[in-house]
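Below are two complexes that have chain A in common, paired first with chain B and then with chain C.
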Partner chain A sequence: MSYIYYPGCSLKSTGRAYEESLLAVFAALDIPLKELEDWNCCGATAYMSISELKAFALSARNFALAERQNGEEDYAEMVVPCAACYLGLNKAHRYLAEYPELRKKIDRALEAGGLKYNDKVHVRHPLDILVNDIPAEKITSQVKKPLEGIKVACYYGCQLVRPYADFDDSHNPQTMDKLIKLLGGEVVDWPLKTRCCGGSLTGTVQDVGIRLSYVLLAEARKRGCDIVATACPLCQFNLECYQKRMSNLYGQELNLPVLYFTQLMGHAFGLESRKLGLNRVFIKPSRVFSKKEGGQYVNS
Partner chain B sequence: MNKWQGWRKIRYESELDPDFASEIASIPGGDKLYSCIQCGTCSGMCPLSPYMDYTPRQIIAMIRAGFKGEVLSSYTTWLCASCYSCTVECPKEIKLTDIMYAAKRLAIRGKVYPKRFPTPVLAGEFFKAVEKYGRSSESWVLVNLFMKTNPLKVFKQMGLGLRLWSQGRLSPKREAIKRRDELKSILKVLEKEHMVKDKEEMITAGKEVV
Partner chain C sequence: MSTAKTPSSNGKPKVGVYVCHCGINIAGKVNVQETVDFAGTLPNVTVAREYKFMCSDPGQELIQKDLREGLVDRVVVASCSPLMHEPTFRRAMIAADANPFLFQMANIREHVSWVTPDKGAATEKSKALIAAAVARIVLHKPLEKTRVPVNSNALVVGGGIAGIHAALTLADAGRKVYLVEKEPTIGGHMAKFDKTFPTLDCSACILTPKMSAVRSHPNITLWTYSEVAGVEGFVGNFNVKVRRKPRYVKEDLCVGCYECVEACVFKKGVTKDEFNVGLSKRRPIYIPFPQATPLVAVIDPESCVQIKRNKCKKTCVDACERGAIDFDQKEEIKEVEVGAIILATGFKTFDARRISRYGYGKYPNIYTSLEVERMVNAAGPTGGEVHLKNGEKPRTVGIVHCVGSRDSRTNAYCSRVCCMYSLKLAHLIKERTGAEVYNFYIDMRTPGKGYEEFYEKLLKENVHFIRGRVAEISDWATIPEEEGKLVIRAEDTLVGAVRRIPVDMVVLSVGLEPHDDADDVRRKFNISCSHEGWFLERHPKLAPVSTFTDGVFLAGACQGPKDIPDSVAQAGAAAAEALALIDKGYVELEPNTAYVQEEFCSGCKTCVALCPYSAISFNVEKNISSVNGALCKGCGTCVAACPSGALQQNLFTDEQILHEIEGVISYV
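Up next, the complex of A and B:
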């Protein structure tokens, strides 16, 4: 089966490391990913605040293009790594099927652009694919440097599992936990794994947004976590890039590396760190990676 | 001691907008709004309700009662980060996040959002960029946002911006799709249509039902 890869705007800029590591991991597992030709923005949360119809039309164009690129094959399987894009596309996918009145308007709009959408698209997240499509042995067979002794807090955030829990539970999701365990890592019991990181509020209403992110990290630290794994470019940005400001505001040194789950996978697969975008993070994980078996830090 | 707050503000029924609820309820699945039992689960789940001027539960009650001005000019809708905790937990399956979006859209169309408040400005900048280029360029959206709300912030954020740039995570390059005309003609068809119907339309629709 071949997958169509929808990167989204973030994975081309602030979330570049996510794209790099995702492509590297999928290549190592020998799963072909073809980027969607001339994809457009999913609309994210901001677009919804202005025009709902246009937001759905943006997604519909992507679906139509994916179908065209897929050709005769059954369903176009769209791989959407960014949580906001995943929800935006998934929501449009459902609404277009559920509300015929909306569908009529969107179909008319697509026609004006010479496109047609025939409901032959599946919106999938890489976590879903790695856990449900790929046999676990295939992943374990690739592990060369297991994450032994590393305590990982798996952060799913909001939009992967809410409001639609398509591939996981919306209260206590497990897919990333499973994956980390396959890589030999230890998963920290952390009940905030689906609590909001503040989203774009860290840029707009900072005193509120940064506090929300801080609460997550402080709890993770308290539970002895070494590293936070995320599956969303905005969550990664919020949790990592504002840590310095958090320690100024709340007087607690956090110093917790925040990586994409794909970067952790790539590291366990023994891939080169440059290929995984590990050079693009503020808080370097090298100290954690050099932890010895048994959970002792090597040089501290 | 609390300071005296002034006379309590009284709102009379005649000042309320009786069509407001049906305006909001016209979004897909929006009629569930009428089944709210005011249990407060939404407010309890919301990670942002402590910062809001009205909690989500209050907003629902106010929409149903027709407090249009208060709802549209409140901070509540703009603090909603779309985390969908309320929507998932609501025992009556009310799509609260969608209702917040509907209120945001009405507030932007009526230009009643809190002045210089960054969230609606961010939405506007993002919208403009995507409309024009088909993709958003994070650097430009952010620069425009700070220029329009608080220009001093550009300098405050400069350090972070430069660090990101040095790592190749932020670039001044404009992202754009190739077939911009195709997207433009798609969006143009929807120019005049809104999910939340115009008021006149609502009134005629209401008459038909009666």
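Up next, the complex of A and C:
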């Protein structure tokens, strides 16, 4: 099976590390991943809140393109790493199937662009693929530097599992937990794994947004976490970039590295850190990566 | 086809068409006058009338008058579903000395007015259905119902309180009852409860006398650890096969002395004790509880090493002085004939794991209500003590209502018992531990005798009530007081704020659901179920214990969530209806049987092998098949299969069906 990669805007900008590590990990696992040609905005948040119709049309264009690129194969498996894109496309996917009136309008819009959508797309998140499509042995066989002794808080955020819990539980998801365990890491029980990171509030109502992020990190610290693993570019940005501000506001030094789960995978696979975008992070995980079983730090 | 003589003066049928308004049920969507005018133009129609309620006495009299005066000799009523009023109008025909099968209903309510939004379309559709009924009724011939004697025995499936009560009622009336229960003992859920609401009388104390009455009743044959394997036949004459699973202990020899249990090579429990809903463990040989009925040990083949691997010292065999243990026992099939069947298969509780945000199965001190029932029971795994996993008494307890009830994501319906049993558990927990108890509820629903008063009593006992659905339960502490506690987050809709209540212990008041195998069971008994999976009654108000299959009745929670008083009341009603059927002594069967037109039968015998009721025999001399009308159930299989069209079915002859179709088509 081949997968069609839909990056979305974040993975080409603030979330470049996500793209780099995702591509590196899929390459290491020998899973072909071809970027969708001529893709456009997924239609998420901003678009969706102003004009649903336009948002759905944008999503539908991506679907139609994916089908065309997929050619004769049955279904186009569209890999969508960004949580906002994943939700936006997933929502469009459902609405197009459930609302015939909307569908008629969208079909007309596509037609004007010389495109047609035949419902032959599956919207998939990489977590779903890595856990449900790829045999666990294939992943463990790639592990060169297990995450021994590293305590990980698996952070899913809201959009991956709500409102649609397609591949995992909506309040206590497990796929990332499984993946981290396969890599040899220790998953910390952390009941905030699907709570809000603050989303775009960090940019609009900052005191509220930052507080929401801080609550997550403080509890992770309290539970002895070494690192937070995320699957969403906005979560990663919120949790990592404002830590200094949080320290000033709440008088607590957090210094908690926040990495994409794909970066942790790549590290465990022994891939070069530059290829995983680890050079781009603000809070360096090198001290954590030097940790060994039993919680002892060793010189890296 | 062989046309029987039709009762008409000059050989031409005289059809009366009567269109019902059904108040505004039909008239609100169908232009009744227009349909009547139309009906008057149809061939053979001599009278076409309308009336507000055809089923009322004056409505029926309209028909009867026309019949008596010879204006009509066959009748079409355009009204509701024949399921509703066909019997009414057939009776009216009989009262007017007409044959009840010269009658046809056109369903213009359920099939038209209730489901067709457009008035014009509804009127046109009604006309088409009336045209079809008129076209077909011209070919109807007078038929007679046949009477079949009813077997006076009854079968009750399920040995919970509903099944027990139904079986005892029937047995006391002198009927022979077979009571089949899938577990090793009867008693059902009620046997697991500690106290019953709102009277707080001991559940076992009121139940166990009825259990032993079942055991000792001369008219009841009790088969526990058994399941119905198959049902054949029809109302009054069911043939039922019951599969008796091997319990590896001879029921007639065992006296329930527990010697074998004590002697088992496993000195401690090894597997989940079903009776204590997993709070304790039991040995491979066990008696579910001290009042189990029958008080006979049972060996679980899943955990017994002798059965699984054939190597054990078999200490149980040595310990049993009466030689009751029998590892060679095999499954047994019993076959019985009964006239009526009562289903009382009960419910299962909602699996709280399905709502992951409530943390059941993740945090140790979160229990389901059924687990707490066992915990507060003096004969339960903790001897009636309510304590946490670490052995300490809880100082604060949260009870969460509606877990798996009134929730579009799980079950939309109200479980009807969880408010009341939550109040009961709140009372018992407070009594046993002195803990602060918080009830989180959506609405308090206490509509029963003494129920509201019980709620009042709890309010005075200083139990806390917070109105709002619980959002989540976790160990995420934000203030020192919450450290080490389970924090319940809920919106308090009376205060208008989100609250965090730290507690030591949580009770999830789980809802009621149909059994996992409910669908298999209903297929076996050929009954329907609602979309939730509850067995469907014939009518929600007026036939609450009968089903669409004659002779099969419902009792207790298999029909929908019910508390004990309601289950018992329904069980009594089901028993009374079964008795009414049995005591009548006969059932009348629809004359919709098949018959052979001898001149067309080629003697291919296709039908003989196909008939599921062995009603078709083959006459070698004449080289034709013939149908035994007493055995034929009118399924139509032979009619459809007959290659020469020689087999026809009363009320559904090819010609009648073709005319009916033509009636619709010619109109359109």
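The rule is short, and it goes like this: the second predicted complex is superposed on the first by the 298 of 300 C-alpha atoms of A that agree within 3 Å, B and C clash if a C-alpha of one lies under 4 Å from a C-alpha of the other, contacts with A are read in each partner's own complex, and residues count from 1 in each chain.
Assume a contact is a pair of C-beta atoms (placed from the backbone, for glycine too) under 8 Å apart; a residue touches a chain by one contact, two chains touch by 3 or more.
Only a predicted model underlies this, so the values are computations on that prediction, with no experimental measurement involved.
Colleague: Identify the partner contact of A:Gly224: answer first if only chain B is touched, second if only chain C is, both if each is, neither if none is.
Modeller: A:Gly224 sits against neither chain B nor chain C.
Colleague: Could you say whether A:Pro191 touches chain B, chain C, both of them, or neither, answering first, second, both or neither?
Modeller: After superposing on A, A:Pro191 lies in contact with chain C but is clear of chain B.
Colleague: According to the stated criteria, A:Ser170 is in contact with first (chain B), second (chain C), both, or neither; which is it?
Modeller: Touch status of A:Ser170: both partners.
Colleague: For chain A, which side has the bigger count of touched residues, chain B or chain C?
Modeller: B
Colleague: Counting contacts the way the document defines them, which residues of chain A are shared by the two interfaces, the one with chain B and the one with chain C?
Modeller: In the superposed arrangement, which is not itself an observed complex, chain A uses residues 170 for both chain B and chain C.
Colleague: Sort out for me which residues of chain B touch chain A in the complex.
Modeller: Per the stated touch rule, the residues are 27-29, 47-48, 51, 79, 81-85, 87-88, 95, 97, 101-102, 104-105, 108, 118-120, 122-124, 126-127, 130, 134-139, 142, 145, 160, 163-164, 167-171, 175, 177-179, 182-183, 185-190, 193-195.
Colleague: Touching chain A in the complex: which residues of chain C?
Modeller: 356-357, 362, 472, 474-476, 478
Colleague: So in the complex, which bits of chain A are touching chain B?
Modeller: 9-10, 12-17, 38-41, 43-54, 57-58, 61, 95, 98-99, 102, 105, 108-110, 112-115, 158-159, 162-163, 170, 195-196, 198-201, 203-205, 208-209, 212, 241, 279-282
Colleague: Residues of chain A touching chain C in their complex?
Modeller: 169-172, 191-192, 215, 219
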